[in-house]
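Sharing a structure here in structure tokens format.
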Amino acid sequence: MGAHSESVPVSENAGGESPIELIEPMEVTEAVADAAAPEREIDVAVGDDLVEVKNLTVKFGGLVALDNVSFTIKRGEILGLIGPNGAGKTTCFNAMTGVYKPTSGQVLLEGGLLNGMKQHKITRAGLARTFQNIRLFGEMTALENVAVGLDARHKTSVVGALLRLPRHKAEERSAIERGMALLEFVGIAEHAGSLARNLSYGSQRRLEIARALATDPKLLCLDEPAAGFNPAEKEDLMALIRTIRNDGYTVLLIEHDMKLVMGVTDRIVVLEFGKKIADDVPSVIREDPKVVSAYLGEPEDDFA
Amino acid sequence: MLSTVLTAVPADSDWINFDVNALAQNFWSATFDGLTFGAIYALVALGYTLVYGVLNLINFAHSEVFIMGCYGVFFTLSFLGFGPSAPNLSFGQILINIILALIAAILAAAATAFLVERLAYRPLRKRNAPRLVYLITAIGASFVIQYLIFLWRGPLPEPALTMFIPTPIFEVFGTIIDSQQIIIVVAAVIMMVIVDQFIRRSRTGRGIRAVAQDPDTATLMGVNKEKIIVTTFIIGGILAGAAALFYVMKIPSGVQYNGGFILGIKAFAAAVLGGIGNVRGALLGGLLLGLIGNYGQILLGSSQWTDVVAFVVLVLVLLIRPEGILGTSLGRSKA
Amino acid sequence: MSTTDGPTPMPGAKAAQAAANRQAAEKNPSTSADAAHKTGWFGRWNEKWQAMPRQKQWLYLIAIVAVAYLLPILNPPILSTEPGNDFPLALFSMAVYALVAVGLNIVIGYAGLLDLGYIAFFAVGSYTAAMLTSPDSPFIKVPYLWTLPLAIVVAMCIGVILGIPTLRLRGDYLAIVTLGFGEIIRILATLIPAMKGQVGFQNVGRPPGMGEDGIPVFANSNGTPWYWLTLTILIIVLLLAGNLERSRVGRSWIAIREDEDAAETMGVPTFKYKVWAFALGAGVGGMSGALFAGQVGFVNNQKFDVVTSILFVAAVVLGGVGNKVGAVFGGALVAYIPLRFTAIAEYKYLIFGLALMLIMIYRSKGLIPARNRLLAYGQEAYARVRNGPPKKPAVATEKEV
Amino acid sequence: MRAWMLTTEGDLMNRKKVMTALATAATLTLLMTSCANQAATPGATSAAAGGGLNLDIPVLTSIETPKDAVLPAGDGKATCESTTTLAYIGAETGANAQLGINIFNGIQLAINQHNEANPGCQVAFKKFDTEGDPTKATGPVTQATKEENIIGVVGLPFSGESKATGNIFEQQKLVHITPSATNPALVDNGWTTFFRGLGNDAVQGPAAAKFMTDQLGAKKVYLVQDDSDYGIGLGATTTAGLGDALAGSDKVTTGQKDFSATISKIINAKADAVFYSGYFAEGAPFNQQLVAKGFKGAFVGPDGVKDDQFIKQAGDASNNAFFTCPCIPGELIPTFADAYKALANAEPGTYSIEGYDAATVLLAGIDAGNQDRAKLLEWVNNYDAAGLSKHYKWDDKGELQAPAVYGYRVKDGKIVPIGPIGE
């Protein structure tokens, strides 16, 4: 961690939540971010509420998977969502991204209600996600996978594509540019032409992130992105997540690996049995007795 | 667009009518007859439901499992000297012959189900094929069976088989109920109750439900998933074989190479109507579909409407309540 | 698999699962190398083709198209279906089947929707052409060529009407609903008097033009002009399908086929694109039906059976699901075999049924495996990656600091 | 919950067997109880009376052949190019294959006899398969018309395919004689190359009506027609011929299997004869169900029903069946029947002799030196001579001038002729 350095977001208000230092690679990153999402508004205040989860409850039959959970995600932060297995992390995540209909409660993005919206509309509203078990489009190349994400912002109609109208051509060109930039950003540009299913495991995870970033999200939700990674790969991933944040994205991270969570997040929400038991910066969470007891008896966990 | 075609039809024809009087007049006979057909649909529907529960797939070849059962009945009874005219035998002899036919039908259908599972489904399961691949393979299997029968037996229906002349048993609401209707409905319902209890109470049944609910966990817990799948196919086949006997009883000239096709769609519609994956739903859906089809036929004025009505019911159910009337799946049903 | 599953049933197994996932994923590259090897001569040929410069590709294409147009005149001895069947008419049949397969490929191959009642759209197109041109029909008459676009529109409308209730559901429901629908159209043609059941419509219209001998150019016995007309339409449809393929539409379809939930999550309006696929496929099917009706000159309810529908599926699967060139090949083959080898014509359903099974089990990519190119300018980008020195990824740069 | 996981496979299987046995046992019990009832009251109540009918019409054992009948052998002195070809176009495979086989065996017999007798004129014979399908017929017909050597055609057997392809023959001026297509409207297309070698449905319908009312003595005839061109057309002409004797009518569809609705109407109408205007595929189960429901009257069907399959499928129920057919019982012409049997290893079937006679007309033309399409067409146009089965002379539309309709009945499991009807 010590050797690690962070690049700066383009935002002038940077520095609200975490200390930022200006260093060289910034230029590269900035260029990439610009290319990937040229129209993105990044000159916004860091620290505002971006997403509000209000009294979210999800029931499956008689089982309460998520019980009246509320928290906020602030613009420009990396929020960790943790908890022992079965605590309701993924349920919470799925309820936010529209996979499940919450039994009650609300999810607001920049004040707009997301509940009841179709999943693809939620994505377009600015919430993108990756999957715990990688779900790429296996028969597509890496670049095409990213292009699907980019299409979320494209406006070509079926007729436009059929007749190759100018907008279609322009969007196709920009898709190539932005797609390549994104692949470069996550570090797998040389595999742009490989089928997703032929990529190595690590590259697949990175590609998922690139694909999610391609939808130009306001909030990027990562569902256990380090699952199956070795320590070195986890280091790389942490660096990538930070870079993403520093590029002006807000990140929600569900993770099992406590070391990773503690190392990369700005704030952590802890769930247990579907309820929120803690919500604070990592250093406080680490000492919270409730959290510690929740995690006791989890043999495989390297929480320490 | 279709509706504009309909309204543009010259008025000289009575191709569709809403003959409420006819329905009122024939209501009870349509009801009893509909229940008879419904019982047959229900037995076939169970095969769809069970396989769907376990594999999450529509077994397109199930209609051919059923028609092979029909051929089992046909060959056995032809061999035993039955033909288009009512047999001149004592009731004991008829009974024994029918039982032999039932056994043959069950064997033929169950063997077909087994082969379909082995040749079409298992190789795909081994390499974890996508769903579309299963569907196409099953369609291919169904096609192959149909045209093997076609090449063997030709395009025509087999000669009719009359097992016995239905005799009036009693009269309800001015409608005579005959022995055939009673046999079919009661036997089908009893068989379905047995299957229902089997699924609920027996060890294999619990295995089936475990696989339906979560195949991976079931495997981890020591259930032999492959064996359960084969068993499910075979149970479906046994029921289809029994349905075949009743079908030939009801429609003696229905044994034809492609005779299972429409019945298969109707049975599937019945399974969806009741809630696919739900054993009791299959019974309910089958009986309801039999009734709806028969009422529709009388109301609209041609037997061909039965198929259209069944199809429309299927689409409506999918539209309004895709989980069916009873809804719950095989795995989730209470133990 | 499904994200709508309830809570994970097995606590404590996540790490193991992730490791297993990883193992599975790591295994893939090696198996795919095998797969590339298995594609055989066509695979190699395909690679060569992709590596060719655009101009050279065009040259080859023009040569192939020219040969295709000349086929009825060349009547090559081994290929020819004569003496059993007139070769130009056989070519017409093949072209119609190819067109059907290209249309159905949009539905099955791109969007992964198994439509087993495609014949219904073919029938709708046939009836549209027949009812608007045949003297047996009470409706207003229009020139035959107008019925081609009309058949597309009518078939698309019916596709949308049928698609909206069913496309929200899982794929296999769609399969059985379409199967039923294919049969229902036939029954309705029997029941509705205006559709004249088995009696049918005679003297369906044809494109204008009269030969010197007083025989219309587009007589039902003159296969060549019908073939040329259909081939031209086929080429246009192929070009348009290619346009769609290399656009967000094609990407959305393939994404839906690969993983519908993930596609939805990536912002693809999956339902909308499924309806589009269904409707566009229906449109092509309708047009094929209108062409067929025009050539045969006679339409009744007997030929629109579900069996033919399954032959259509076989055509798509044979060529390679998702591959439009394969679809052309598969469609032509399905029409050609019974016409050329009349001795085995009786076994065609058995043969194609077996082919469906065997191909799905042993060679699920079909006879002509090819991957869809989904980016309009993808080749340039890939060439850049291959040729130019890859830029150092941003993250790697960071790590060095 | 856990106990079952430890169960051995054997247990599972046994369990299943028990269940199956239970199911079977339950079914058996049911069957027993109901069959007991069945045995007590055998047979169903009869609703219709068949008493007034004259069902026992004597079987025809021989027919007179015209003394001056033209035979394919001719005088043995004919000469022609060795490329001269006649063709059969029609079903060889598919659902309608049997009818096609009957016909082309007849043609083959005529050509064989001709070629044996005429060493100087060896006519070639080609067959083209349409499967009897209008949509498939254009290919083979076009191919046949393109082959210059083919100067005459026997075919096409079915009305639908004839309708779809008649214009191609007309364009190429190729004469064709259909041995079996009976739709009256076929001659109204203005085709000069179309000839019909038998009576059409407009002849058969009234003949059938007359047969039912006069010979069978039916007072109330119920007419059931299918949805085919053939069934509808023939139904109309029969209805007209029946007049007041028509007790009612109903429609069925191709492929229908359950006829109970129609049958209850028939029984309610107390009809003593049923005319089924359609094909045997539906006619056979229809009659079987009709008789099973207690119908005691006569079942009459046209040439579409007259098929051995009808007997096979309807079983004993077919004993009440009569057929009308514009076809001549070739099996009663010993010379023809024997030669046919030697060739085809089967009895002559429906339309075998029509095929034979049609080929004879064309062969006679070739022998008379009419060896191109135009001349052969002219020859058929002016033809006026007896064939083995009947006299052949066509009017300007291509309709036979003196067609005959024969009646047939089922006796001892076979279809046998009962003589000309409707005269």
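Observations, loosely collected:
A, B, C and D label the chains in the order they appear, each numbered from 1.
We take it that a residue touches a chain if its C-beta (ideal position, glycine included) is under 8 Å from a C-beta of that chain, and two chains touch if they have at least 3 such contacts.
Which protein is which chain? UniProt says B, C = Branched-chain amino acid ABC transporter permease.
The shown structure was predicted, so the numbers you read here are calculated from the model rather than taken from an experiment.
Without chain C, contacts among the remaining chains split them into A | B, D. Sorting all chain pairs by how many C-beta pairs they have in contact places A-C at the top. Among the chains, the centre nearest to the mean of all shown protein C-alpha atoms is found for C. Compared with chain B, the chain whose C-alpha mean position is the greatest distance off is A.
With each centre defined as the average position of its C-alpha atoms, the distance from chain C to chain D rounds to 40 Å.
In whole angstrom, the spacing between the mean C-alpha positions of chain B and chain D is 35. Work out the mean CA point of chain A and of chain D, and you get 75 Å between them.
Residue positions of chain C touching 2 or more other chains: 190, 257, 346.
The multi-chain contact residues of chain B, meaning those touching 2 or more other chains, are 302, 304.
Chain pairs that touch one another are A-C, B-C, B-D, C-D. Listing the residues of chain A that touch chain C in their complex gives 5, 7, 23-25, 28-29, 32, 60-61, 63, 65, 85-86, 90-91, 94, 97, 99-100, 118-120, 123-124, 128-129, 131-141, 143-144, 147-149, 151-152, 154, 156, 158, 161-164, 168-169, 171-173, 175-176, 179-180, 184-190, 192-193, 195, 197-201, 204, 211-212, 215, 224, 227-228, 236, 239-240, 243, 256, 300. On the chain D side of its complex with chain B, the touching residues are 4-7, 9, 11-12, 15-16, 19-20, 22-24, 26-28, 30-32, 34-44, 94-95, 251, 253, 256-258, 261, 281, 284-285, 288-289, 291-292, 309, 312-317.
Chain B meets chain C in the complex at residues 1-2, 5-6, 8-10, 12-13, 15-16, 57-58, 60, 119-120, 123-124, 129, 131-133, 135-137, 139-144, 146-148, 150-151, 214, 217, 220, 258, 261-262, 265, 268-269, 272, 302, 304-305, 307-308, 310-311, 314-315, 318-319, 322.
Contact residues of chain C toward chain D in the complex are 81-86, 89-90, 93, 190, 197-200, 202, 213, 215, 219-223, 292, 295-298, 300, 302-303, 339, 342, 345-346. Chain B meets chain D in the complex at residues 83-86, 90-91, 94-95, 98-99, 102-103, 106, 155-160, 162, 164-169, 179-180, 182-183, 186-187, 190-191, 194-195, 198, 202-204, 206-207, 221-224, 227, 231, 235, 238, 242, 251-254, 259, 297, 302-304.
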